[in-house]
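Structures are listed in the sections that come next.
Each of the next two complexes has chain A plus one other chain: chain B in the first, chain C in the second.
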Partner chain A sequence: MTSSSDLQQQDLVVFEDRSILPKSDPDHNYCTLVLYKASTRPTWLNVALVENSLFGTCYVNKTPISDRSTAPVVFASLSVDETTYRKQLARLKGDLAGFKYVDLFNSYQDWYTKISLEVDRQSKLDKPNVFIENPEFLLFLTDITVDKLLAQLRKLNTKCNLYLISSSDESLMEYSDSPDDLATVHATFLTKLAHRTSLILSLRPLRTGRAEDVTGELTIGRGLIGSPKKIVEREYLYLINKEGTVKLFYR
Partner chain B sequence: MSSVNSATVLLNRVLSLKEASPLLLVLDSVIQSSYFFQQELIHKAKSESVPITYLSFETLDRPEVDELVLCDELSPEQIIAKVGKNTKQLVIIDSINYIPENQLNSFLRGIISPTTVVCATYHTSIPQVSAPGCQNMPTAIQRLLFMATTVFELRPANSSLTDDELEVASHKLEIPVGIANKPIFEAKMIYRRKSGRALEYAFTIDTLTHEYQVKQQNVAEGDDAELLENLTTFNLTTTQKQKLAREQVDLPFLQAQQSLGAVGGAIVYEFEKDDDYDEDDPYEDPF
Partner chain C sequence: MSFRKRGEIVSGPTSRSVGVSGPVIPRAAPGRGAGQYVSRTALPGGMPKKNSENALANHVGVKPSILTSQPCISTGSSDIDTLLGHQGLPIGSSILIEETGTTDFASTLSKLFLAQGIVHNRIKSSQPNTHDVVVGLDQNWAKSLPGVYKGSKERKKEKVQQNESKVSVSNIVNQNNDLKIAWRYGLNQRKSESDDDTIDQYPHYNNQFDITSVLTVAPGPHELTCIPNDNLTRALKRIEETVIKQPSKIVRVAVPLFLNPLVYQNERSAPEILRFVHGLKQILKKYPNQVALLMTINLDLYPRNNPLIGYMELLFDSVIELRPFDPQLHDLMERVYRNQPAKIKHGHLNVYKLPVLSESGLMCVQEMEYSFKNGRRRFEIEKWSIPVEDEEKNDDKKLEF
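Moving on, here comes the complex of A and B:
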């Protein structure tokens, strides 16, 4: 039986030109969905994507990225505080001036205005990459409806590339006939959102059970609308070590 | 062979808006979205110089259409007001799921006109929930299926996964890598004629080359005979010679059509040798 220690470590590649985040394109704004399960939290992947946007590098990859491009990052999270991300990014020893954290963790009121203002500010430099972690929480914390939230996200997407990080845990996808059921609202939001994305990254645990040397699977798949840049569809196994380093292997 | 040709001709005519079919309903899922189907329809309509109005509830990038209406902040009445009805046109709705269920009929009635062809996509992966007080009404999908004149059901091409496996993957939002949302896909088409007769075909649509192929149904011939083999000590199967002989037997209704029924609706009586018929007797009527 093959274990991850026998396999060769691979680089994270999303697009055919071996890039991870697309270069700034004036004609197209990408909408990417990052899905995760309860046992495969995406913090490591978020940090890798933010790093790639800020510095053009990726701490997961062994091979240096030759064609680097950078863009400012606006990061808004409803589930993880600023310190966690700042701590992770500080290890990369780069200038974090281009990283703007919008605190929705402590105050989610006026979320749209807060993010929008930051996006407008960063847009003066370059088109920013905007990450929103757990936007679905707004459906349960405020009285916003699914369609209204999607409309506001679309408005935001007209100004920037959008990365939406959401949980697709099975318990949240088992919807019922009741329109107010938490799972029904969550599944409706995620499915409608998926129909707007051009790239879907998913993190999930191994289907065959637990393993010492594999934390989970990362899949890179096409979204439901076309992407101007060709996506390399692939499945990886990943391992997060105790020191926080991440290794990827082809499945 | 002729039915294969006529199927692709029919699909071409429907997509080129030459066939009288005012409401095209596209049923898609997260496994195979209607994005590429819409691109194909736009390509066909443009080659026929038909003006296109695109009603966008979720599309961000403007497709190559004549008019784009951003609908996510408009009411159904406002959307209807923005769709013109004077000339022949194609109206594409990127997702009909966003129209409230109780306004669906009036919305479609407001858009459809003798000069308009509407192509509406319905995302089947989105949970179907009836609004309070509407539980006993037909669901949106049931009503759309009733109203549609042509229905396209999309699924990935060359997928090794069964329909049930695709359904589970769609439900869990675990989209299979390398299979889903490709520009080459399968479409099951149900075309409803005015007479009420429905034609059903399955196609593989290649939106890169704009070629359509009728999907061959895997009809397992001779399966029955194989099942009967070695089942009992009796011979339950037929030999090749017996099969040929059986095929050459003319069934009585075929013979009847050849001669007797040729005169439309007339009752034809053929005398047999034992019949006693007197021509001079005016009251003798064989009937």
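Moving on, here comes the complex of A and C:
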């Protein structure tokens, strides 16, 4: 059996032109879904995507990215506070003026207005990339329904590229007879959302259990909406160590 | 003229004296006082955080994480502290202890967590430094918090000290003799030096508890606040009010037996429960240098494949599960280790999330890798190894030559 030490480190590539985030396209707004399991949190991937948007670089990649493009980032999370990401981003050693955090963790009631205002503000510079972590929490923190939440996310997507980060644990993905059951609501939300995305990034632990030299698997796949740029569908193994360095290997 | 003996290493003046100076932080910046933690990043909503930083200054029960240098507190069990990777629970973090079966080992851990806070609080009676909060249970339950374990040597020492403190002729004569001998041979100096070497850098960080005893003075309302659970939204408000009232103290919040029908008699909807857990996390992050949370839940009522538990695990920083052995395995262990009863464990301990590490993307799931034993003096955690039954039969064959 091959271990990660036998494999060559690879770069993170999402599109055929070797880019990670799409260049600003006035005619098309991308909607990307990042799925993860509880044991493989996507913090490192979110930081990589934010870095790529802000500076055009990616700390995961060894090869420098030649064709750099930048765009402001609006980031909102319902599961962690600002400190978590600020700490991670601090090591990027760049000017984080283009990174705007919308605090939905502490106040989520008027979430749409808050994000929308920030998007409008950033749009004056360039079309922003908007990240929303765990939007499904709104389904039980507020009285919003699945369809209404999806409609508002769609409305937001008309103004910006949208990255929705959501949990896909088995316990949350089982339909039941009760329409109000948490798992039914969550699974309905994700299924409907998957039909509106052009790109799906998925993180999960190894099916064979824990390993010292592999943290998990990253799968890049097409969503159900076509993308103007061709997506390179691929599976990576990834390894994170306690110092925070990340290595990718082809599956 | 010096009275120093030849060959003795000349040492500088020792400023450190036990119980006076605060803990020294490894890698602390020069000029920063011992025990003073400074947050690295500018945090939003500054006011409560600035106030709460007072709680850490010179707190005897706080030490930096060996992984991230974040200030940590002991959970009351040194083995759990080690398991969490930081040698404790980082302040501002939460731990969820899940338990399968009809046992209630998790409640013991809740009690240890709270008892450790009370012991820290009583180190200096003039400077209380910790406050406990219990949700759902009352002061009667708090009376059963375990007391600090005293070994036979310590008990003997206490007796000797009590006798010596009594005013008697023999005591006075002995004291004078000790001083003479001490001066002549420099014994006093040697004793203090050897003490300095052996005392840990953080001597009061954690204690060993005896779960068969109780704290000699039961914690009162000034040390432990009990918050009823009849209305979870109100409970959240009261927790935050308690934290605000204790700006210079570490606040340990325990939510034992969460959703157990014995304690939570009113039926609650899943969104209401999740709003409560989310609210607890908000409080933790609002006061990141002051509050830590421990919650226990029974998985027989809400198994891990229940979406409610799935969501709750997403919100907690660390999650461990206590899974007692089934009767067959327990019988096997008793049979195999009948001559070594100390090796008999009570169950498996599974790790699902670890503070900070899981958040940053490390995969920390460790199932069936550890076993635990709830002993009188210690909650032991060891690497799990399958007991092997010795099948050799004691044949009564005697070799005759």
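Convention: the second predicted complex is superposed on the first by the 251 of 251 C-alpha atoms of A that agree within 3 Å, B and C clash if a C-alpha of one lies under 4 Å from a C-alpha of the other, contacts with A are read in each partner's own complex, and residues count from 1 in each chain.
Assume contacts are C-beta pairs under 8 Å (C-beta built on N, C-alpha and C of every residue); 3 or more make two chains touch, one makes a residue touch a chain.
Since the model is a prediction, treat every value here as computed from it, not as a measurement.
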Chain B and chain C placed together on chain A: clash or fit? fit
Could you look at A:Q122 and tell me whether it touches chain B, chain C, both or neither (first, second, both, neither)?
-> neither
For A:T188, is the partner it touches chain B (first), chain C (second), both, or none of the two (neither)?
first
- Query: So, A:A151: does it touch chain B (first), chain C (second), both, or neither?
  - Reply: first
**OP:** Go through the superposed model and pick first if A:T43 touches only chain B, second if only chain C, both, or neither.
**Re:** second
Just to be sure I read the superposition right, which of the two partners does A:E170 touch: chain B = first, chain C = second, or both, or neither?
both
Exercise. Kindly classify A:T32 by the partners it touches after superposition: chain B alone (first), chain C alone (second), both, or neither?
Key: neither
Is A:S53 touching the first partner chain B, the second partner chain C, both, or neither of them? neither
After fitting on chain A, the minimum C-alpha spacing between chain B and chain C in angstrom comes out at 14
Footprint intersection on chain A (chain B / chain C) at 170
Within the complex, chain B is touched by chain A residues 28-29, 31, 35, 147, 150-151, 154, 157-158, 168, 170, 173, 175, 177-179, 184, 187-188, 190-192, 194-196, 200, 202, 204, 219-226, 233-235
Counting only contacts in the complex, chain C reaches chain A at residues 40-41, 43-45, 67, 270-271, 274-275, 278, 282, 285-286, 288, 304-311, 313-315, 352-353, 357-367
Seen from chain B, its contact residues with chain A in the complex are 30, 33, 35-36, 39, 58-61, 72-73, 95, 97-98, 123, 125-127, 129-132, 171-178, 180-182
In their shared complex, chain C is touched by residues of chain A numbered 38-45, 79-84, 86-88, 90, 103, 105-106, 134, 137, 140-141, 167, 169-172, 174, 181-183, 186, 205, 209-210, 215-216, 240, 242, 244, 246
